[in-house]
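First chain written, first letter: the chains are A, B and C, and each begins at residue 1.
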């Protein structure tokens, strides 16, 4: 099997753009990716495009990947839409990796795009509740906020995790996002603000929940043997792993563990021949603050139940020994569902090459990083380990 | 609006109205709601129907405010305020999610005994969907 | 062989609104003798109440639902004008699909109508078992004074030929045509009441006195032979009006006068009143029930208490379990704020 490298990465701004639909957003990310390829390349070299997308902005139900591919000048390639809820992007990356690893193709795009802000609030809430178990979880009256709140409540009960711990995640990620010109929210918040937010689904408040966002991202995935044609500093795929889980939280053995994250990461670590201690920086899926705490545990960065203390001890701050979500995470950067996973790859590509837009966010000397993308409440999880 | 078609909803009536579960003939565990293959032994599709008692204990809970309510429950939240949703560990073993009714939201606690009762869940296309919710149970 | 009630139960939803809340909103409360009334929760309706009270009734015997051969459901405020109502309750309770089920709607007399229909089944096949449920939550426009007394409640009765709590000795009915009283036309949302007072009183008395007197004549009894009398309660004045004309005293009405605490229970009015009477009655007591539904008809039932067995689900316990709400919450729950 072939080694795989990332040689370019682009991302649109994340936010609320009435003047941009999925085509325009994807174009912005695509152009950003093209200019990031140090030596340039001929677009005709691209053979595949895997596009993560959940809702197509509510309008293009079928063939959206063909639509956005031809819009950026790639009308006759192997293109497919990848959908695993919020993990669509992460799985699009894995699909592209497997495509190149298998030798079927040599140059592939892994991208994602989501348009969430041009539908009514009612329709938005429909999306936000249908990647859990619709028949029981949705009809019990929950959206994802409710499901993650159920997890948070149990986590607090089993391990003594505190309200403050949840808010500290939001504060950290907003602090990082304030230094990210492409983030949806570039404003720091205080712990007091984060703790006093209006309740959405107790114990989670407004500041525990990521927003709805428009955005797109794209990375160029190539056979490692040709990587140096594109750049002197490619980022290699060291390993990847994915796992699904029972869709409904109540069907899972443990309410306070995302088994999908555990299995996906252990598969990735095994493929890479590495362990959690080797990860020097990580972008994890903080759709809700509790999700970041779970990620610390399920990815092996700390013991089950100790994520609150781990955060308190400062390990995961920029400047700590395990910086997590230097981009601002989903919380501050935004969460355009289909794009989030490949957006994480965009951030990691720049972190590992030292080319982050604002040097204050740069994790110095990072050579090995992990990206973690979760679908819904953990029904699907994708983990990719990248290294220089 | 959620979209669960009438036939799709109708197929779940044995669970929603009568708490019918599936006992695996191979390993004896009760699957509720049903699975195609037993989720405990992953080895059998052979089940015996069992009617569950509806009794259980709260495993975890959440209080849903307006911002966390799906549109089909928005009116309920506006009329009655925050509503509780719990994952309940049923007496027969499986855990299942359900709204908790007839209770002061401040009094919900992990471990609280509850039982099922038929309630209106929501309405779609003019058709009322009934199903179980949990209410406090005495003692136990 | 005597046929009668072998189990019974009541269910009153816990929300209550006091008459003072209405007075604050409208300046007065137009419901004679009603101090407060019951309100269903947002996620309840007469079918969920019926399922709940039916299960309680079966538990009170106890009788397994699989043994039920006849099911009769009464309500004037069902959520559908056309759709089988019994189906939802049957399936939820576990009564077999082969049991003959009937929906009784169209007037507040429907509760006793269901009771008599089930009695007819029992008389034809005494080895059968019947469940009768009346569950009602009448409503009207918030602008109409007839809305003021409207409450919510349900009662169930298991009919059998053994282990009787009370035997049903006889029943009588009288029906007539009295148009333009309390009515709701097919294509309209709200209940009408033309408020032609004397005319309405005429209908009330004409029908109830006829059915009441027919029973007394059938059994060769006088009004004072009855220790308990339950008369239709759209408010607390109507039963007294009928009682006065029939030589029945307010003392005889006392044990079944639930309206003052729960309001107008529509088709469930006399049956919840009957449950309250059974909770209090002694062996040998005789009970007279007289219902009324506009349009118009009245049923009368005569019962005799055979045992001191009581339901575990007493009306008084239901009345004591309550949570007060204000008028705004009341309007929100009843969907009156559009």
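Basically, a residue touches a chain if its C-beta (ideal position, glycine included) is under 8 Å from a C-beta of that chain, and two chains touch if they have at least 3 such contacts.
Not measured: the values here are computed from a predicted model.
> Using the stated contact rule, I'd like to know whether A-B or B-C comes out ahead in C-beta pair count.
Output for the comparison: A-B.
> Closest chain to the protein's overall Cα mean, using per-chain Cα means, please.
Answer by centroid distance: B.
> From the C-alpha centre of chain A to that of chain C, how far is it in Å?
60
> I'd like to verify one number: the distance from the centre of chain B to the centre of chain C, where each centre is the average of its C-alpha atoms, in whole angstrom.
31
> If I count partner chains per residue in chain B, which residues reach a count of at least 2?
Residue numbers touching two or more other chains: 76, 99, 121.
> Across the complex, what residues on chain B touch chain A?
Touching chain A from chain B are residues 1-4, 8, 12, 33, 39, 59-65, 67-71, 73, 76, 82-83, 85-87, 94-99, 110, 121-122, 129, 131.
> Which residues of chain B touch chain C once you look at their complex with the stated criterion?
These residues of chain B touch chain C: 13, 17-18, 51, 75-76, 78-80, 99, 101-102, 117-121, 128, 130, 133.
> For the complex, which residues does chain C have touching chain B?
Residues 14, 41-45, 47-48, 51-52, 79-80, 88, 91-92, 94, 329, 332-333.
> Sort out for me which residues of chain A touch chain B in the complex.
It comes out as residues 122, 125-126, 129-130, 133-143, 145-146, 149-151, 153-154, 157, 198-204, 206, 246, 248-251, 255.
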